[in-house]
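Structures are listed in the sections that come next.
After this come two complexes, each holding subunit A, first together with subunit B and then together with subunit C.
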Partner chain A sequence: MLYRRAGIRHTSYRHERMLWPLPFDRYLVGTIAAFLIVAPFLIDRLYLVAYLLPWLIWSMAALGLNLLMGGAGQIHLGYGAVMAIGAYSSVHLVRAGVPFEIAMIAGGLASAMIGVIFGFAALRVKTLYLAMSTLAMQYIVDFVIAHVPAISGGTQATIQVPPVRFLGLRIEGDIATYYFALAVCTVVTLFMLNVHRTGFGRALAAVREKDYAAEVIGVSTFKYKLLAFWTSSFIGGVVGAVLVVCYLRSVSPDQFHIDLSVQIVAMVIVGGLGSVLGSFFGAALILFTPIVLNNLVASIAAGAGLSLSSDLRAHIPLMLYGALIVGFLVLEPLGLAKIYDNVRNYFLVWPFRYARK
Partner chain B sequence: MTEGSASAVLECRDIELSFGGLRALKGLSFDIMPGEIFGLVGPNGSGKTSLVNVVTGFYRPQRGSVAIFGADTTRMRPHRIAAHGVARTFQNLALFRGMTVLDNILLGRHVHMGVGSGALATLFYWVWAARHEVAHRRAVEELIDFMQLQDIRDEPVEVIPLGLQKRVELARALAADPRLLILDEPMAGMNKEEKEYIARFILDAREERNTTVLMIEHHMDVVTSICDRVMVLSYGENIAQGKPLEAISEPRVIQAYLGERAAKRHVGAAA
Partner chain C sequence: MDLWLIGELAITGALVGLMYALVAVGIVLVYKTSSVANFAQGAIAMTGSYVAWAFATLMGAPLWVAIPLALVTMFGLGFVIERAVLRHMVGQPIIMIIMVTFGMEIFLRGMMPGFFGVAVKRLDLGIPQAPMFLGEMLINRAYLIGGITSAVLIVGTIVLFNSRAGIIMRAVSDDQGASWSVGIRVERAIAIAWGLAAGTATAAGILWGSTQGVDWSLSLLLMKALAIAILGGLDSIPGVLLAGVIVGVCESLATGIVDPLVGGGTRDIVASLIILMTLLVRPYGLFGREQIERV
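Then we have the complex of A and B:
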């Protein structure tokens, strides 16, 4: 049903490596893309700015981290710091009069340069030890940013982002910022989708699965581990720039603390390691569940006429939120993307279940 | 050892490898000539895999030198040696789980991908990487036909039977168009039919792809029927070298495999 595979005939290798070979998948992607494009005129401004925009930005961050964690199998607990470097670099450059197009890329490059230094840790240590090394990165970068007035303007300081233009268009107001974030998100998403079908992605996967076997077929684990850190940090830096320009509009050290890093790691893991779709699912779950649960608990309490203490009102949603994450991971350790995949596979062959792979 | 050494595919001189106090390889020297299928045999723990690991750069010998097509590769990292036209398979399969058979074999093309496997090519897939991907796909599809893997090309490698996994690994090694192919027990755990398949692929690889083969193998029937020359190792020493049948019937070889008493009985029975 829906996802029909019958009648699809590939006549070239290029055709076979299409991103969405099934027509239904294409319709789905097309519909969502169309919705995102017309969203500013369809939905309330509040929803656009408070939900869709952060969702796009956090999804981008999750995609960037997913390249490293899902693609190359290297854990990173300092992604917030990577974004901070990009955010501060680009904001300072913009304030110095550099055009934002260049400042954004330069922010990415700055993140990539510093990120790759910490990538050297990955050449020596793996798994939990790498987690600790990257956690150290988070704290070192936090400390440096907060304590060097030239960067942050002081521990309590907030730097305003001046108005910027991108390719001549002013990124100002709700709609322009939304479209700008959407455009960057599209580029990052397409890149990540392509990773799955090129030699780059395969080489990263080889390093992730068996480094000695990767070496023997000519994949330099040294080069590709660093390349994974470089690319992922570059994306992180660009996302940091987009985050401050489109969403936060000012930059201060406390925005990029360990909370942000953990949040993005959670998005990647809950969404599904290595999955592009999963990054979007993960970002949506982590960002919106607390809000939804909060409203739900409030409305249920109000409806049932219960008078909950404010403490309890604040904590019940958090408990449910935690339980939900644990529940999803117990149900499907490979994340939300895998749950979607299971449903899709079910319908792919419905009603002939025996044909399922 | 000067005769013809300039044209040798692989030249090992006085390879000495120890792990702490254990001397795994004791001054081994040998050459492999172009187009040869060279067998490496010996009892368990005799140093066959250690020798292959030295040749492919996983171990650094304490002494001695390895040259591949005249280029000294003794201290090179494995991926640099791969770029010199060396491919190998492993005794315990080293396929990449979670990837399809096709992607695994495509990875074998990595040494030929160049910038096509970079991040920028990936970003500009439609105008850059796609062209590379299609070209390499063609080469891989040829190999899939050659190795008869058409039915399983889209299966994840971990779900196919062991015999086929070994074949996929051989295909991945061949995808690099190696000039020297090193096989570490390609037929371990196989039945007669599967062994015959692999033996035929090895012979065909030599005929059609001009590959020289260095093969570790325990099945003596295979060794005697497809190898041109063998070297027998025992405790890291070269105890016999030459034509397969002659080498494995040397008294020292029989002794290494069967022990001293059994060897005497064997010689007695033969006489």
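Then we have the complex of A and C:
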């Protein structure tokens, strides 16, 4: 009913390859895009900065990792380190007087260069062993960043991000940073939506399904695994730059620990491997559910006259976050994207359920 | 740099390494029986030490009651983890299984300090503080007793693997389908492996809790345990003993010799470097079976 399919006939190949053939999907995407554009004038400044902005940034990170994990089927437990490389390179370049447009891209390139080294492990070992080696590299990058004063300024140091301009606009204040993050997020999302339809995306899918089968049909596993790591790390580096410029405003080694990597992997998996929509869902769920439920628990406890210890209050988000990961993997391993898909499939033919194939 | 200092670092390192190895045994046991990488092992060790502390301090039980109680409780928790979580994950891609154990790690890391408080707890096993002298070398008694206990427990695990229950587990690790067809209850064997993993982790948690206090940082043992498990070979229990000593000695020497040169902190990446080197040079570890899929 909602997703009306009647009267949609493909008369050309171009038409058939549309991203959203159903008008309802197009309206939905349009409405959400319009909402995001006018959001700074509609919603409270607090919600804009504390919810919408981090959601956009973490969704971008999840998208970048999803290209690697969902698109090419490689496990990566060190994405936080990749983002750290991008963040530090771009901040140092900006401080050295390089315009931010170039610094951001250079940060992405630096991440991509080092990210490919993570990829070399993927050429030798697979699955569990790849997880271990990326995990190990996360710790090594953390160590190098923290212990080389030229990068971090020392273990405890925090580097302030100077005010930056992007294409002549000052990225300052809540609204400008929000629009900047939204613009980058749009670019990344469009790339991710379209990458499946390119030769590159199809080659990645072939490598994901079975690497020697891909090799047999002439897709170079060597080339595409490294390209997957390159592209994903490039996005990670750019996101790292956006993260420090728009959200953190200063950069210190402990912001990019293993916890960040696990958080982003959790977003990808809870959202749904390989799904663009899922990355947005996953980021929202992992970022906000612990906060919302924590407030809920606190208000229920206050209402019931129970007093929760401050230690318990402080650790409830962590518990919920762990429980969310376990719960989703046990109950719905295909993630939120699959749940949305089920709902959509139901309404596709509702109320004529028997018409579903 | 005199030889006495190096000797002291090496012996302390070996003992500490054996204590790490006790955490790693659980990872190997679980991997061997069910091919599941157990990234929650550090948090399980932490949980075990919290449980022992709770029995000993909150409920006032004497140590010889509290420790067995903690071991039994945690053995049960291992069973519950297998039944409630891992059994649902059979047949899922490996990344899902890794993430589910990571999720448990995060959950336990939030739950234990949340309920028992963040402050570091003292878990006193009655080991005297005064170090022992061996020539000019100082040996910490806690490490000495911890290292020996760990070695005994690991050897005990190896012996157990030759008992009836062990033979069942070995059969399951060889071929799950074949074991099933001759009437072995595969789920039960995997559950026992998880129980044993949680039990050995608890023993390690208690030993570590008595040396550095009980708090969330015990879950950081995970990285060392992973390094040991990888270096020894993920499916080799005897490998854990040797790899534990190697990792411990490397770490101790790095702390004593390299730290003054680079300004500290090398302790944390020795484990990572060992993982990387092992995977690049000999991915199946020192004693593992050469069957991992290489590209």
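Quick note on the criterion: the second predicted complex is superposed on the first by the 340 of 357 C-alpha atoms of A that agree within 3 Å, B and C clash if a C-alpha of one lies under 4 Å from a C-alpha of the other, contacts with A are read in each partner's own complex, and residues count from 1 in each chain.
Just so it is clear, contacts are C-beta pairs under 8 Å (C-beta built on N, C-alpha and C of every residue); 3 or more make two chains touch, one makes a residue touch a chain.
Treat the numbers as computed from the prediction; the structure is a model and nothing was measured.
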What is the contact status of A:S309 with respect to subunit B (first) and subunit C (second): first, second, both, or neither?
second
Please tell me which partner, subunit B or subunit C, touches more residues of subunit A.
C
Subunit B versus subunit C as contact partner of A:G322, first or second or both or neither
second
Between subunit B and subunit C, whom does A:A136 touch in the aligned arrangement: first, second, both, or neither?
second
Of the two partner chains, subunit B (first) and subunit C (second), which one does A:V125 touch, if any: first, second, both, or neither?
second
After lining up the shared chain so the two structures overlap, which partner does A:V216 touch, if you call subunit B first and subunit C second: first, second, both or neither?
first
Once the structures are superposed on A, label A:A146 by its partner contacts, choosing first (subunit B), second (subunit C), both or neither.
second
Who does A:F191 touch here: subunit B (first), subunit C (second), both, or neither?
first
Same subunit A residues contacting subunit B and subunit C, which ones?
221
Spell out the residues on subunit A that touch subunit B in their complex, using ranges where they run on.
12-14, 17, 187, 190-191, 194-195, 197-203, 205-206, 209-210, 212-222, 227, 230-231
So in the complex, which bits of subunit B are touching subunit A?
56-58, 77-79, 82-83, 87-88, 90, 94-99, 103, 106-111, 113, 116-119, 121-123, 125, 129-130, 132-134, 136-138, 141, 172-173, 176
Quick check on the complex: what are the subunit C residues that touch subunit A?
37, 85, 88-89, 92, 94-96, 98-100, 102-111, 113-115, 117-118, 223, 226, 230, 234, 262-263, 265-266, 268-269, 271-273, 275-276, 279-280, 283, 292-295
Residues on subunit A engaged by subunit C in the complex (per definition of touch)
69, 75, 77, 121-129, 131-133, 135-140, 143, 146-147, 155, 211, 221, 262, 265-266, 269, 273, 309, 311-312, 314-326, 329-330, 333
